[in-house]
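Dropping a structure here in structure tokens format, bear with me for questions.
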Amino acid sequence: MSARQRLGFLPENPYFPNFLSGREVLRYYGKLSGLEGKSLEARMEELLELVDLQEARHRPLKTYSKGMLQRIGLAQALLHDPDLLLLDEPTAGVDPLGSRQIRDIILGLKQRGKTIVFSSHLLEQVQEVSDRVAILHLGQKLKEGSLAELLEVPDEFELRLPRSGRSEEELRKVLGAAGWSGDEISIRSPRVKLEEYFISSLPERGKAEGRKSG
Amino acid sequence: MKSLKETWWRIEAIAGNTLVEALRQRVLNVIFLFGLVLVLGSLFLTSLTFQEEFKFLKDLGYAAISITGTLVALMGAAQLIPAEIERRTLHTLLSKPVRRYEFILGKYLGLLGLITLMLLIMSLLFAGVLWAKEQLGLLGLPPAESGEEARQMIAAVTAQSRDLNLLQALVLIWAKLAVVTAVAVFFSTMATSTIFIVCTTLLVYFVGHLQSVAREVWLQEIGGSSWLKQGFLALVAFLIPDFQAYNLIDEIIAGNAPPWAGSAELLVYSVVYVAVLLLVSSLVFEDREL
Amino acid sequence: MKRWGRHSGMAVLVLLVWAGLKVPWELRLARERSEIMYGAELPPMSMELRDSLGQGMTLAALGGFRGVAANFLWLSVTTAWEEQQWTRLRALAEMVVLLSAEGVFFWENAGWHMAYNASVSAERFSGDAERGEGPRMRNVESMHWIKQGIELYERGIRAIPEKPKLYEMLALLYQQRLQDHEKAAHYFELASQKEGAPVYLERFAGFALEKAGEREKAYAHWVKLWQSSEEHGPGPRRWGMIEERIRKLEKN
């Protein structure tokens, strides 16, 4: 029991009483977590702001999108201010804008010094936010470590330079003069991530609406 | 002490949530509306004699209240508890510091609150119906000042309409419904099928009305009849509540005033029965794979 | 968490303990109930158990609608009365009192239909005059319905022994339909002893005894009434009338 007090948990596909509004759900789970009165109300406001659901707070949960449900789920897991947060597939089935929002929340929590353990099969997202990862396969832990330890290719360099009006040939020449042979070098223009491209291509208005419906 | 208080908070929160959910359920509201219409409709029963009208009125009013209450208890328990498991809201709930018995108690108290609320509303309406009938009855009578006979006639009417023993009947209906709800909660800790819960609870309800007969036969025939028969009768006597005990309700409505002490003991019996059923439900639920 | 773990075992244990406690308690409740319903004189649960199983089944199936079902059947009783279908009325009345034995109303009115309406109607029945059946048939038929009335009142009294009404009805029946004043006096007396009985019943018992020719018993009855109170002022017990009866009987 006392372990559960220090632990916040968001199950995969969390299910909440969908006849309640966002606020009511938080109040209900807050009471179950042993909060009450003014401190509970204040905490609810704080969390609704954190997960960006102030505008939807009075709507019943059955009108929420998947991303909004995950966010209210995050909020309820944070109610009693746990040190450790367990999230099971927090972005599964959530659209790109929504999952970006969830990622931002997770990063914000990390900055506040919370320990967050989450599972995901969206590996790119894992890479973006994690300090340490473990790889599980068929219930067995195969690998564990920091991202740098696991992913770094120690005997290679990756360079990123502004073009400054020069050609690829010029760069190869410089590197060749320093002793690297031509087939050791691979040069190309970097690409933005599809997710970033997707978001940047939305019109401004669409972004705002996308945020609301998440 | 502190943890006991927190346990109570959690039970209260779950009970409150159950009540809110139940009030937003269409099925339960339709049943409730049906009950209200039936109580109100009893006002328009007209019959031959004044005495008959009052009797019919009370019978129909109380039948409406107890049938509606039974249906609400049955459907409420059979819908709301399996729903928590099937919609997996229970998983989220149990990720909070909530113990399983707190869930069972919370659910039960929420349902009991619902039933109490509905009984109160229907009783108030019924009291209004009785009052209206009394006023209608008095309209045809000479005023009290006109003599002893008129006073006696007026007293005869108000004795029918202002029978405080009807409150006693109401308390006993409530007690009976509390036991029925506990039976339904017990079955809902074992299965998630609404139909299964409704059927088994109804079965217990009906057998419960025959339990006293089974008990008497069993006591008379101990050692005298086949083992199979005795075993069956004993099982019924030992496991099923005695709903026949609540026949006091019919006595009261018929105008026979039993002493409050008898009703009080029946009330205690009901409360103890509910406590036992909830304890057993919690224990069974503790072992259940969710 | 296994399917049948430690807790389920405890649940079974709790049920066992409770089973042992609940049966004696329920027996006690049933005894108290039957005292309320049938009075303390009758041994509890003296009904035929196997018969009551079938009845219990019907009653349980009707649940809370038992009283309502009885009421609607009673409407057919009234129709049968209007149509003078006495045999049908008798059968319907039987069903009504099976469904709702706890109210005085059905017993009282069912008995009244039999002993008064049905039997008076039979007195008018001419029979086959040529074969000289008329008066005899009338008598037999009329008696039959009166006996039905008596039976209903007696069963009603067994079901609701604490109310004066059915004793009074039975006394009136003996007095008015059979001119059996001795029995009438007996039931008036019983009726007057019940709680809430109208005061005139105690006097009715005395008058019935006089009519039966039981002068000594009547005298004793009036004297007993007189002595039952210190106060003999004006009021519903009509002491003047009682005094008059005592003096009259003393004179002869």
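Per-chain numbering from 1; labels A, B and C assigned in written order.
Everything below uses one rule, namely that contacts are C-beta pairs under 8 Å (C-beta built on N, C-alpha and C of every residue); 3 or more make two chains touch, one makes a residue touch a chain.
What you see is a predicted model; the values in this text were computed from it and never measured.
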Counting C-beta pairs in contact for B-C and for A-B, the higher total belongs to B-C
Greatest Cα-centre separation from chain A belongs to chain C
Using C-alpha atoms only, the most centrally placed chain is B
Taking each chain's mean CA coordinate, chain A and chain C are separated, in whole Å, by 82
Taking each chain's mean CA coordinate, chain B and chain C are separated, in whole Å, by 31
Cα centroid separation, chain A vs chain B, in Å, comes to 51
Contacts with two or more other chains occur in chain A at residues none
As the complex stands, chain B meets chain C at residues 47-48, 51-52, 55-56, 58-60, 62-63, 66-67, 70, 205-206, 208-213, 215-217, 220, 237-239, 241-245, 247-248, 250-251, 253-256, 258-259, 262, 265-266, 269, 273, 276, 279-280, 283-284, 286-289
Residue positions on chain A within touch of chain B in the complex are 1, 4-5, 9-11, 13-20, 28-29, 31-34, 36, 73, 76-77
The answer for chain C against chain B in the complex is residues 1-8, 10-11, 14-15, 18-19, 22-23, 25-27, 29-30, 32-33, 36-37, 45, 49-50, 52-53, 56-57, 59-61, 63-68, 70-71, 74-75, 78, 100, 102-105, 160, 162-163
Seen from chain B, its contact residues with chain A in the complex are 6, 9-10, 12-14, 16-17, 20-21, 24, 87-89, 91-93, 95-99
